[in-house]
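If you scroll down you'll find the structure; I have some questions about it.
Just so it is clear, A, B and C label the chains in written order, and each chain counts residues from 1 on its own.
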Amino acid sequence: MREILMLIMELLGTVAFAVSGTLVAACCGLDLFGVLTVGTITAVGGGVIRDLIIGQIPPAIFSKPETLVLVLVTSLVVFIVAFINSKKIKDLRLKIERINIFFDALGLAAFSVTGVEVTCAAGYSDNAVLAVVLGVITGVGGGVLRDVLVNEKPYILVKHIYAVASLIGAVVYYFVGIYFGNELIGTIISVLLTITIRMLAAKFRWNLPKVM
Amino acid sequence: MREILMLIMELLGTVAFAVSGTLVAACCGLDLFGVLTVGTITAVGGGVIRDLIIGQIPPAIFSKPETLVLVLVTSLVVFIVAFINSKKIKDLRLKIERINIFFDALGLAAFSVTGVEVTCAAGYSDNAVLAVVLGVITGVGGGVLRDVLVNEKPYILVKHIYAVASLIGAVVYYFVGIYFGNELIGTIISVLLTITIRMLAAKFRWNLPKVM
Amino acid sequence: MREILMLIMELLGTVAFAVSGTLVAACCGLDLFGVLTVGTITAVGGGVIRDLIIGQIPPAIFSKPETLVLVLVTSLVVFIVAFINSKKIKDLRLKIERINIFFDALGLAAFSVTGVEVTCAAGYSDNAVLAVVLGVITGVGGGVLRDVLVNEKPYILVKHIYAVASLIGAVVYYFVGIYFGNELIGTIISVLLTITIRMLAAKFRWNLPKVM
């Protein structure tokens, strides 16, 4: 039950991350190969960094060709749609991003939980700091790599409550799901909380304070 | 025979990558240390990422001081030449790049084959995705790191058929050299194909489609 | 004695690195979370890269929550001070950086020695290249990550004698401290040399040659 729910959320999230990566890359002037690469790295990059840090060699994604195919197909479809509509690409990007924001939040929530879970399953369940940090890295790492590659200031470090939603989700899942051992309840609370915070922040344009 | 050929191609490619890294860094306003660093990372960075992903600890390059010396000397020579000709640096860069493009293609071809080979030798020969991805990362990873460090949009993601040539070479070598076990034939076909595609793309300015 | 000295220098250096990361991030328009993240990565990022390269999994910092707390508190305090003084932030940044430069040099010196030491303690004491390179990466890696994340050309590759001071410190410590086995003398000479070179370079605006 929980496994199926997580799988569905992860798949939707992976697709949403691939969509966001593809759009950003296509609008930054990257070519087809660059767009597919950045789309893929956005979708799977957070998990790869996590796996390198916990010593999961090679990273799990390399044993999941079906996920890679899903990401590449998603990225290719978005590229083609953007290519056909390249004259009104800005409008299109806004429209897609408006639809994508919910699935992106779903992915952020699912990835943050997975990050904590995989870290703990690798034998680090007594290291709360590692588990939570890798939860957040799994959630937002792909987006940071995307922005570094297209040479933009990382979005998640600049605007709206994004990484913080992931952080809260990771902390909640670590305590309820790992520390108190209730995976199902922990997942539900964590995911709902992450999605709610992220969607409210996007809707009401909540931002953290900035110096300038 | 094949070993000697590969060694020569890898050495020429390493030098070519060091030259390109040095030129880009010198033209971006980096100082001598920065130029040597970026030159070195361009030449060896792809292999280091590959080694981290397959768990080759520490990365192989750290046991090859003679390669590092070759890279540093190359980078230093290019820096000095650029420094002496700093007033006509743009002309010089164009000239060097025109000569360098063939050796760079040689390096791209050799590194893509080596990447597949090292990955398979590390026990992952049944994982085609991993082998091919790490072939491409070995081929183009150094160039991506170079562009991220000098704060430019990665060249290989923007212009001409570069990474795609590496990808085709890696796929061909995986199938002919690893899957069908014919290393020599696989290497020859893969290398010729990669170099041909890359040189034609550079000459005729083939580009992949872009949205904008 | 040496342990206590190193610990004090590392703590001061960690704080100084966190201060520099926080200031750069705050002045680049990052939000509170972004600032804390970049501050933390600046302070601990070099050590994390080193640990991944020598196979110290997970990186040592994840077992030192007290260091992370120190870094986060430092970063938060600097953010608050910057936030309150946001109208005269440029003046403030200059003032803080002038004070910070000595502690930063202390951190650079201590981290370079630690990097060599940790690498050799992990069983690589016969690999001078690896030890020295990881000494420099430990010293300057956090600053490079900081600049890549905020989308600036890495400072240490552009201006003043910074990485070179770290390199000289690492080489000296490797020979005196590891090769000749005199840790205390090696540490003292290495640290004094690194700090002296760095401070003189900053004061007299020594720069390495550049092409443009």
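To be clear about the criterion, a residue touches a chain if its C-beta (ideal position, glycine included) is under 8 Å from a C-beta of that chain, and two chains touch if they have at least 3 such contacts.
The structure displayed is predicted, hence computed values, not measured ones.
*Asks:* Tell me the rotation angle, 0 to 180 degrees, that brings the C-alpha atoms of chain A onto chain C, to the nearest 5.
*Replies:* Fitting chain A to chain C on C-alpha atoms yields 120 degrees.
*Asks:* Are the two sides of the chain A and chain B contact the same residues or different ones, given that same means over half of the numbers occur on both copies?
*Replies:* different
*Asks:* Taking each chain's centre as the mean of its CA atoms, how far is chain A from chain B in angstrom?
*Replies:* Computed value for the inter-centroid distance: 30 Å.
*Asks:* Note the residues in chain B that touch 2 or more other chains, in rising order.
*Replies:* Residue numbers touching two or more other chains: 52, 55, 148, 151.
*Asks:* Provide the residue numbers of chain C that touch chain A in the complex, in ascending order.
*Replies:* Chain C reaches chain A through residues 25-35, 37-38, 48, 52, 55, 57-59, 62-63, 65, 68, 79, 82-83, 86, 89, 148-151.
*Asks:* Residue numbers of chain B touching chain A in their complex, please.
*Replies:* 52-55, 124, 127, 129-130, 133, 144, 148, 151-154, 156-159, 163-164, 167, 207-212
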